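Each structure below is given as structure tokens.
One chain, chain A, appears in both complexes that follow, with chain B as partner in the first and chain C in the second.
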Partner chain A sequence: MNSRVVVTGLGVVGRLGFEWQDFWAALLAGQSAIVPWQPENIEDFPVRYAAPVDNAQFASYFSAQLSAQPPMERRSQFGLMAAHQAMNDAGLLGKTGLNMGVAVGSGIPERYTPDMLLAMGDGGPDWQTLYAKREQLNPAMRSGNDQLAALIARAHGANGPVQNFSTACAGAAHAIGSSFRMIRNGEVNCMIAGGADSVLNLMTMVGLNLLGAPSVSEDYGDKLCRPFDEGRSGFVAAEGGAFVVLESLDHALARGAHIYGEVVGFGSSMDAYRVTAPHPEGKGAALSMHKALVDAGLDADNINYINAHGTSTPLNDTAETFAIKTVFAKDQHYQKLAVSATKSQIGHWIAAAGAPEFIATLLATQQGIVPPTLNLENPDPLCDLDYVPHKARAVTINAALSNSFGFGGLNTSLVVKPYKEDRHG
Partner chain B sequence: MANASTDIFITGTGCLLPGCNNPADLWQRLLEKKCATVPYTSEDITTQIISWFGHISPDQAATALAAVPFKLRRYATPASQWGIKATVDALTNAQLDLACIAPERIGLFTAQGDYSYPSLPSFTAGVGKAIEQNNLNLPALTNEFLNNRGMDAFLSIKGLSNNSLAIASLAFGTRGDCGAYVQNKSATIAALRSAVMSLRYGYSDVALVICTGTYNEALTLTELYQQNLLSPAKQGAASQRPFDQQADGSILGEGAIALILETRAHAQKRNVAGLAKIDGIGNKTAFLTVDQHNNYHHCAQKLLQKAGLELDSVDAIVATGAGGKKADQQEVVQLEQLLNGKDIPVTCASAITGNLPACPLDMLTALQMLQHQKIPAIANLTNPIGHQLHLVQKESLTQPVQRVLTLNRCYTGFNSAVVLSSPSYQ
Partner chain C sequence: MIKTESKKAPVFVEQGSVYCSAGNNVSSLWQALANGQQNLTALPCPAYDAWPWSQVFLVEEPGASELGVDRKILRTMEKQAKMALYGAALAVQQVETLANKSISSAKKGLYLALPTVDESVPPWSLLETLHEVSATPTQPIELSSSEFLQREIPAFFGLSTLNSNACAHISACFDLTGAMGAYSPFADAAFQALIDATGAVAQGENSAALVGGVSPKVNPQLLLQYEHWGWDKLSARIPAEGSSFVVLTANKNPDAVCVSGFARGFIASSVEAPEIYQQLLAQALANANVTAADIDWFLPFATGGKDIQALFALGAKESLPILSSESCMGFSGAAGPLINLNLALHGLQQQKYLVNTHNNINAQENAGALRHVALSAAGPEGQYLVVILSREVI
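And now, the complex of A and B:
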């Protein structure tokens, strides 16, 4: 028999706050995390805006926890603290003997210019030069890409499955979805799942810029992230970490845990279309939403809210709209949906993006209020859904979807419902 | 949805490993104890400290590149190219034409050891032109990167999305369930676990598991060398000496292994017997202290218990044999505790290829053992460190092999176990 899976702990660390309550309040208040930004103080770098975590505030807020940790990448710092917050919120800090695993979505490793320069000999990169200067090398760079997953497992005594997903912008949603499956199928009782990422360094931003993915526009100032708007021109990069604690319902009830909501379905798919672009009709996206609904045993008309991937890129937003209209075509249910793009407020957390957006979806479902899509001033005629522009809105939600789509054509959708003792109630 | 007890079969394998273009090559080398590691070479990195490596040869690399559809080649990392080649062979081995299966029902799960991008070479061109008297001119560097293409234009594609998943989905037209894992050796288990779950609970009809990676990356080599994990390779190809008293460290390597997984029902429907049944997958993570090594045998015990198997039903064990003196001593102690005096032969394959990231060399070896009913001797093993263990030495054993326990441990603290058995074995 399948176990029901509930969410019992939340943790978000980003520019809008270091507690989920601050993050959520900022979303509902329509705040934006996007500010002027340049990598490593290069003044003429073409990307001019981002949503970086405030270093001083972060270091101050988490000084006690961070001081005991080994050197680690920036993203791992955010993720480790977010996981700590989620475990604390779930009342599981310091608990032992849990049959618990860890699933993390992480992206491209951080490579900082000064570190890469250590390897440069007279004739190019030289291993011996690098080795001779190894003491100067940022120790965080020498860890594997699963550093964060390992740190979380160690910090919380998780000795079950450890998964480090690298499915680009779908990574954290994949981590949550896989965790949901493992608990539902009885492999574990509890999972710490989410993601963390930081692309705000020269190497990665150059790579992304060469692909034309981030916006280089200066037309809209800090209103640059404009999902579904005619003036959208690319994503706005951000950084942060977000984690949730997922448990089997029995496990959560047995320990009297507070339950935020229930995960009822997960779907994943691939576009198999192009490396650099989504299918223009959102075929892969539609498939992941459809599979998630089937997995949840829900008809499309049970869904009231979709937290869209909504990147503010020209290609994604029309493709996602098309996909939503395909999946929710029956009786034109798509016209009744509230759809919002949290990235308009927090920017694009890349591999971690699915985690704060899943949390926003869950809280919207629990509290019956949907965060807005900011900066939607001139909707693209091809984007003709109700995107909840500008202001949060009260909506009664029976079930909601959270979409995350990754570069290379990797798609995920998660379905959540408010927790009720009677599943069908 | 499928029944939770649905048996999962491996119906095809392929590989591209040092000195091995297919599993038969590996088996031949195992029987002959013929190591495939060679002097370390790199177009991008100069070093005299790293002297020996399990390389994919230029010929092998060319073959792999040819297996990748032309339009995808510029996006694919070498590791992805190896993975595509291994998968093409695995599909042939499984007699499986993917065109006969709905793309939405084909799952794809990829494992990668660690990122090789952004790599130092990807940084080279721009930096070389932007260094002025040992100081970096950052604006000049940025200009070089952005305007003169001084950096790989597809860096993000190669580094961001675990390249192999995106490339493989396009190469094979798969649109179903998916996952990509970048986590050293444990990536294999993560991918395998997800693939099995996807099949068992009806999310896929067929699952491709593609495992690929390289340790040939300067930052990784620096880290492992600094931890004193690498052999100085004074004995050349005989330097990786699993469980031998003369062992002095690991030889690293690279390569790819692909597995085709199906439910028993799906394989039978195609009249395919399959190569092996997956009896169970387990892992135990020991990120606590370096002294907590008992997770290795606890991992195996837990798995056997969960799968309802007695250790007596296991005919052979394929162990890790990293080649490090301390690591192998720890593994021997763990094996002795696990076996508790039972005479179950233990072998390993790491001496042939070197230690590989994210490649289930142990499973591939086990599949060959099930097929050939032999247990290969451990190459380069002359003076064993575990006298209570039945380490297979000198000559291969010919005996019934119906069930094999594969055990893996990674220096990161991750331990895993997989039990494979002959398809007809009950």
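And now, the complex of A and C:
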């Protein structure tokens, strides 16, 4: 027998706040996290805007928790604190014997340039010099990219599966989807799932910029992230961590947990198209949404809201629109959908993106209010859905989808519903 | 206690590919292990002279013709992505299921275990340029120049440092569009991939799935990481390169070996390790509806042999053959558990097994009735996973 899976804890750490309530209030108020940005010590970097976490505020807010931690990557700091917030919100901090696991979406390891400069000898760089100075290497950079998953597991006494997903921008959504499946199948009672990422370091941003992925436009200032708009020109990079606590319904009810909503479906797919571009008709994206609906046992017309991947890149937004119109073609249901792109407000959290967007989807479903797509001033004619422009809107939601599509055509979709005692009620 | 619900339908596993220093098929590897052939190579540059490992297990870097891709595509891939794609190509050639046109592309999945990307950051070429052009290469002002960085960093650096790009290449080459997952970075990731793939096939989400693992490229940064974990002090942790794949299917295959049980968990401290090894082994056995005494062969990977006693404590036969392949063929990270899985499938098919000898270089081959084989994999952070394979009685 399959267990029902509910969400009982939320944690978001990003530029819009360090508590999920602040994050959600900012989304509904139409606030943007995007600000002028340059990498440290550089003034002429082509990428001019990003959504960085404020270092001083972060350090101050979490000083008590961070001081007890070993050295770790920046993304791990965000993730560990977000997981802490989620466990606290779920009322599970300090609880033992939970039969709980951890699943994390992580991206490209952070690049600490001074580490490699240790290789510089009199005759040029050489490995022997680096080896001789290995004790000076940043220890945070020498562990694997499952560091965050293990840190969370240790911090919260998890003894169940500990997974680290590497599916690019779909990573955190994959982590949530896998966790949902493990609880539904009875493998564990409880999972801490989500992701954390920080690409706002010099080497990673140079690499992304050389691929033409982030926007280098200065035309729109802090309104640069404009999914589905004709003026969109690339994603706006951001950083942060977000986690949820998922539980079997029985486990949650037995301990009297507050329930935010229910996860009912997960789908994944691949484009099998190009490494650098999504399928232009969104075939993989459509398949991912379709699989999630099948997994949830829902017809397409049960969906009222989609939190789109909506990256503000020229290719994604038309492909995703095409995919939505394909999946929701029957009776032109796509015309009745509310679709919004949270990235217009928080930027692109890359491997972690699926987690804050899942939380936004869940809260929209619970509260019946959909966060907006900002900066949609001149919709692309090929993007002709209702993207909830500019302002949050009240919408009655029976079920909602959250999409996350990774670089190279790695796609995931999650389906959530408001929690009702009788699932079919 | 971790509990696992029985799977809904049997999931069969077919022998796929092995690409390692011993060759590019499982028979070659098996023979090399039985003969004690170790294809060790001196570390590839003199700069390694003082490093803890003088010899490692390397593979040739596959080229465009072996990979069946345009040469331009190679610029987007580091060696590990090439090893992954090559291993996938060998598996697709070996197993007809993935080429079966009656299964739609949307029902063919991909589950990969990937290391963290092995490229130097900044790229080594950039450091060399810094030495040539910079007045103070250890504190170079050029690293504050956007123009310098955009010029000196390779155009596809953002792709070649993204480990998941192996998924994109494999899915595109073999038209796999079904459900997928990619896990990283160590040996445990291989069985995370296998277990999730098994679930997806069991529940009908995929009809078939390609499951693979790939090692990191042997490079100085990797060796520094291995030293960080203390693996330079373990004789069985000689770095090795390679990849390995199997194919899962809902259709009964001629060998009729299924993934009959599994369990996975996390060991936060060495104090609790013995108890958790036992719990998870017991769970996997119960999941497979067998006892420890039913296990005919055990292949642990990256556990340091610490789970062997746990299996005996659960009642395994005293004569249980055990193969720790890493002591013979090196430590191939996320590829290792799937190499072991292919060895187990070969053994189940041929009704023979390999067992470590005292010298730990070669493995002794014996004939024996094999029905149930247990395999394990561990990650250095504390992940521990067990998989049970069972051969149907025909």
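We adopt the following convention: the second predicted complex is superposed on the first by the 419 of 425 C-alpha atoms of A that agree within 3 Å, B and C clash if a C-alpha of one lies under 4 Å from a C-alpha of the other, contacts with A are read in each partner's own complex, and residues count from 1 in each chain.
The rule we apply is simple: a contact is a pair of C-beta atoms (placed from the backbone, for glycine too) under 8 Å apart; a residue touches a chain by one contact, two chains touch by 3 or more.
Quick caveat, the model's predicted, so the values are computed rather than measured.
**Q** On chain A, do chain B and chain C fit together or clash when superposed?
**A** clash
**Q** Between chain B (first) and chain C (second), which, if any, makes contact with A:L315: first, second, both or neither?
**A** In the superposition, A:L315 contacts neither chain B nor chain C.
**Q** Examine A:V188 and indicate which partner it touches, taking first as chain B and second as chain C; both and neither are also allowed.
**A** Only chain C; A:V188 stays clear of chain B.
**Q** Just checking: does A:N99 make contact with chain B only, chain C only, both, or neither of them? Give me first, second, both or neither.
**A** In the superposed model, A:N99 contacts chain C only, not chain B.
**Q** Please indicate which partner A:S178 is in contact with in the superposed arrangement: first for chain B, second for chain C, both, or neither.
**A** In the superposition, A:S178 touches chain B and chain C alike.
**Q** So which positions on chain A get touched by both chain B and chain C?
**A** Common to the two interfaces on chain A: residues 41-42, 44-46, 106-109, 111, 113, 116-117, 119-120, 124-128, 130-131, 134, 137, 142-146, 149-150, 153-154, 157-168, 174, 178, 181, 185, 187, 202-204, 206-211, 213, 268-276, 283-284, 287, 291, 295, 406-410.
**Q** Quick check on the complex: what are the chain C residues that touch chain A?
**A** Residues of chain C touching chain A: 1-5, 45, 47-51, 73, 76, 105-106, 110, 114, 116-117, 120-122, 124, 127-128, 130-132, 137-140, 143-147, 149-150, 153-159, 161-165, 167-169, 171-172, 174-186, 189, 192, 196, 199, 205, 220, 224-225, 227-228, 264-268, 276, 379-383.
**Q** Note which residues of chain A are touching chain C in the complex, please.
**A** Within the complex, chain A touches chain C at residues 41-42, 44-46, 99, 101-102, 106-109, 111, 113, 116-117, 119-120, 124-128, 130-131, 134, 137, 139, 142-147, 149-150, 153-154, 157-168, 174, 178, 181, 185-188, 202-204, 206-211, 213, 267-276, 283-284, 287, 291, 295, 406-410.
**Q** Which of the residues in chain A end up touching chain B in this complex?
**A** Checking each residue of chain A against chain B gives 40-46, 106-109, 111, 113, 116-117, 119-121, 123-128, 130-131, 134, 137, 141-146, 149-151, 153-154, 157-168, 174, 178, 181-182, 185, 187, 202-204, 206-211, 213, 268-276, 283-284, 287, 291, 295, 350-351, 406-410.
**Q** Where on chain B is chain A touching in the complex?
**A** Residues in contact with chain A: 4, 44-50, 72, 75, 103-104, 108, 112, 114-115, 117-118, 120-121, 123-124, 127-128, 131, 136, 138-139, 141-142, 145-146, 149, 151-157, 159-163, 165-167, 169-170, 173-184, 186-187, 190, 193-194, 197, 200-201, 203, 218-223, 225-226, 283-288, 295, 412-414.
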